[in-house]
Amino acid sequence: MVNILSEGSSVVNQFIAELRDAEIQKDSLRFRLNLERLGEIFAYEISKTLEYEEKEVATQLGSALVPVLKDYPVLVSVMRAGLPFHSGFLKVFDRSESGFISAYRRPHKDFSLTLQAGYSSIPVLDGHVLILSDTLVATGSSMLMAYRELQGHGKPRHVHVATILTSQEGLDKIRRHLPGDNITYWVGVIDEELTAQSFIVPGLGDAGDLAYGRIG
Amino acid sequence: MVNILSEGSSVVNQFIAELRDAEIQKDSLRFRLNLERLGEIFAYEISKTLEYEEKEVATQLGSALVPVLKDYPVLVSVMRAGLPFHSGFLKVFDRSESGFISAYRRPHKDFSLTLQAGYSSIPVLDGHVLILSDTLVATGSSMLMAYRELQGHGKPRHVHVATILTSQEGLDKIRRHLPGDNITYWVGVIDEELTAQSFIVPGLGDAGDLAYGRIG
Amino acid sequence: MVNILSEGSSVVNQFIAELRDAEIQKDSLRFRLNLERLGEIFAYEISKTLEYEEKEVATQLGSALVPVLKDYPVLVSVMRAGLPFHSGFLKVFDRSESGFISAYRRPHKDFSLTLQAGYSSIPVLDGHVLILSDTLVATGSSMLMAYRELQGHGKPRHVHVATILTSQEGLDKIRRHLPGDNITYWVGVIDEELTAQSFIVPGLGDAGDLAYGRIG
Amino acid sequence: MVNILSEGSSVVNQFIAELRDAEIQKDSLRFRLNLERLGEIFAYEISKTLEYEEKEVATQLGSALVPVLKDYPVLVSVMRAGLPFHSGFLKVFDRSESGFISAYRRPHKDFSLTLQAGYSSIPVLDGHVLILSDTLVATGSSMLMAYRELQGHGKPRHVHVATILTSQEGLDKIRRHLPGDNITYWVGVIDEELTAQSFIVPGLGDAGDLAYGRIG
């Protein structure tokens, strides 16, 4: 199941418009903030699918039976562009455990790019709800690599894959390769075109560079 | 129309549970943060009702037609308990104008309370969408007073009245006194009981004191 | 004693430069953020003058004797321009109690301005360190009015008066009228000129309008 | 040169006390916040050593000659414990470029630990001021590995090495191995003991686990 958050009109569209805008992108603080605000909104929408249990809480004047999260989802994020998006998730799910997986496209002199795997720190996933997030899905290779990195850390109860902007091709690819059940997709917006150089068009550019500067 | 955000299961319930909990309330930073996080969620839900218009945005690699907010709502908040809730709205609607209205219950030696009006700074409302927010609605008197203070600043296109916790009695009262059309209500949760001293039960206590300390 | 934070070179100057810049001011989010960041820096500098006491803390692996704040200062802020500056103080002194005093210049048709007092909510000050802050001090009248409002709430152990930008005339005036001892002044930067209309030149404009929009 | 921020009494000590406290650590949100607040304070103190240049700024009412940062430092952080500390630096130096280096101690069945290098994304350093930060320095091996990873990205004009808590042994080790000039050290507090298992005592535990949960 794919939920496309830009389809219902909401401030999600405003934030994505600012992320795309080459002029507004010059303010990297606002760029990171928009990723973070979207992370909060994705987290809130995903929270509607989570399980809650009744708990008795002692207020100053009495006692209330209130629903609380049965358990917090585990938040795994793909480096480095995923960090501000992850911050948003963590603002909402502040008691969650977090994991980080590195994946980046290393440019070569012939202008080809290879996917570079690296560091990963992943909490126990067994029996937990997992939210696997990355800012962009272009070809889908990073997300697939990230998913593979999770193997060996236990079987999650359910997986939510979240991304702000994806190409149609990238989304199709990850859906083809990941298990068909037990995964829910959360997408900000889908762009049609993916260039031979793996850039999404119209897209928004390289989210990692825009948030943190070009790698030297 | 009254929207009750705790009815659909979501992290809203978790935040309200923490706000109610007399033990967790001792951490005033977390108390304020929960008000702010709820402000962000209310803002996002209200944003689904706002108007958007298509705008052409120049991305690094092309051009995209994207929906953006037609105009930002004006955010008016009731002092002082409403401040952290307002901060949440302003995090989402960062280009909005803000107004502040003071209203507080002053305690007397015979334990009676009177509503104290005071400072207000209110932007032009004419033709704008207005979000009037306060953390709690107990008797409803503060919210009604705040609404009256808005007169003379222009006629809003639409009004959203937002509160995290209300007594049934308080909500009924403001709905009785405010115009029947053109107002949408957004409520976190409704508590049944309102004591003779105007405390909501089980409620959460005095939100102003919990966020900022007791008045001396 | 007057401490002028822009005198030692630091990022304080960068933030004040952005606050002054009519172009950067168009982004009210950044304007508020700069006030808040300065509030944090002022709070940190003032924290160097506070009293600490040794406390034994149980760590995971042993026990440490560490200095902690003997008590948290009370933070009183002048509405409405003072709110984002106050947020910065509260981020650092998160266990502090907060007070709010309203004071604003109401414009008349003949372009004269009168100082309007209003709402105030002030915690017990007796025996506490008080930080009284406002974003700007133009004529000094608001700050003096705020100080008078504090009377009747107890005698603070020490008072810190903090402002980001002041006219020389305004600073001189408040120093003339406030008690000579027991008060420390913390100033971002001092501008020489104050116009007949009470505007600081070169100044930065109306901080309340820039943060929250023009009053309607 | 080594600057020890806990030596002058300030709120730095309060934050470090909270970081150490095994009871307060249960709130991972507050733990991360304390790292971030310390990052902001370190950034501010380091900003006092940076270069500024006069710039003419057009205010609403005139023009001001103000000092602004000549250039922003590059912020390189060690994963994953360094992330919340890095967020604090980035809040202050919001126009900086950021780099990330992974380094973590991988536990073995015989309780030995090996340092694991991995992902790194590093901006151009040539001619820039570099701030290399990590939350803790235990043995010093991670920091030395991080420093080595920087080679090949250009020669920084000056390097600031920043850490909240270090063992005396770890600090001595990195000072012995890094170049003697052109590096300034910024330390929150120095603990005397380092166990055979490379734990700082009394220390604060594993900052990565406390911020993000145990690796599974």
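Which chain is which? They are A, B, C and D, in the order written, and residues in each are numbered from 1.
Everything below uses one rule, namely that a residue touches a chain if its C-beta (ideal position, glycine included) is under 8 Å from a C-beta of that chain, and two chains touch if they have at least 3 such contacts.
Model, not experiment: these values are computed from the prediction.
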item	value
Furthest chain, CA centroid comparison against chain D	B
Between A-D and A-C, the pair with more C-beta contacts	A-D
Centroid spacing, where centroids are CA-atom means, of chain A and chain D in whole angstrom	26
Whole-Å gap separating chain A and chain C, where each centre is the average of the chain's CA atoms	39
Shared interface positions of chain B, touching two or more other chains	29
Residues of chain B that touch chain C when the two form their complex	28-29, 32, 74, 79-80, 83, 87, 90, 94-100, 102, 104, 116, 118-126, 153-154, 208, 211-216
Chain A contact footprint on chain C (complex, rising order)	27, 29-30, 33
For the chain A and chain B complex, residues of the former touching the latter	6, 8-11, 13-14, 16-17, 20-23, 25, 37, 40-41, 43-44, 47-48, 50, 52, 55, 57-64, 66-69, 91-93, 191, 195, 199-205
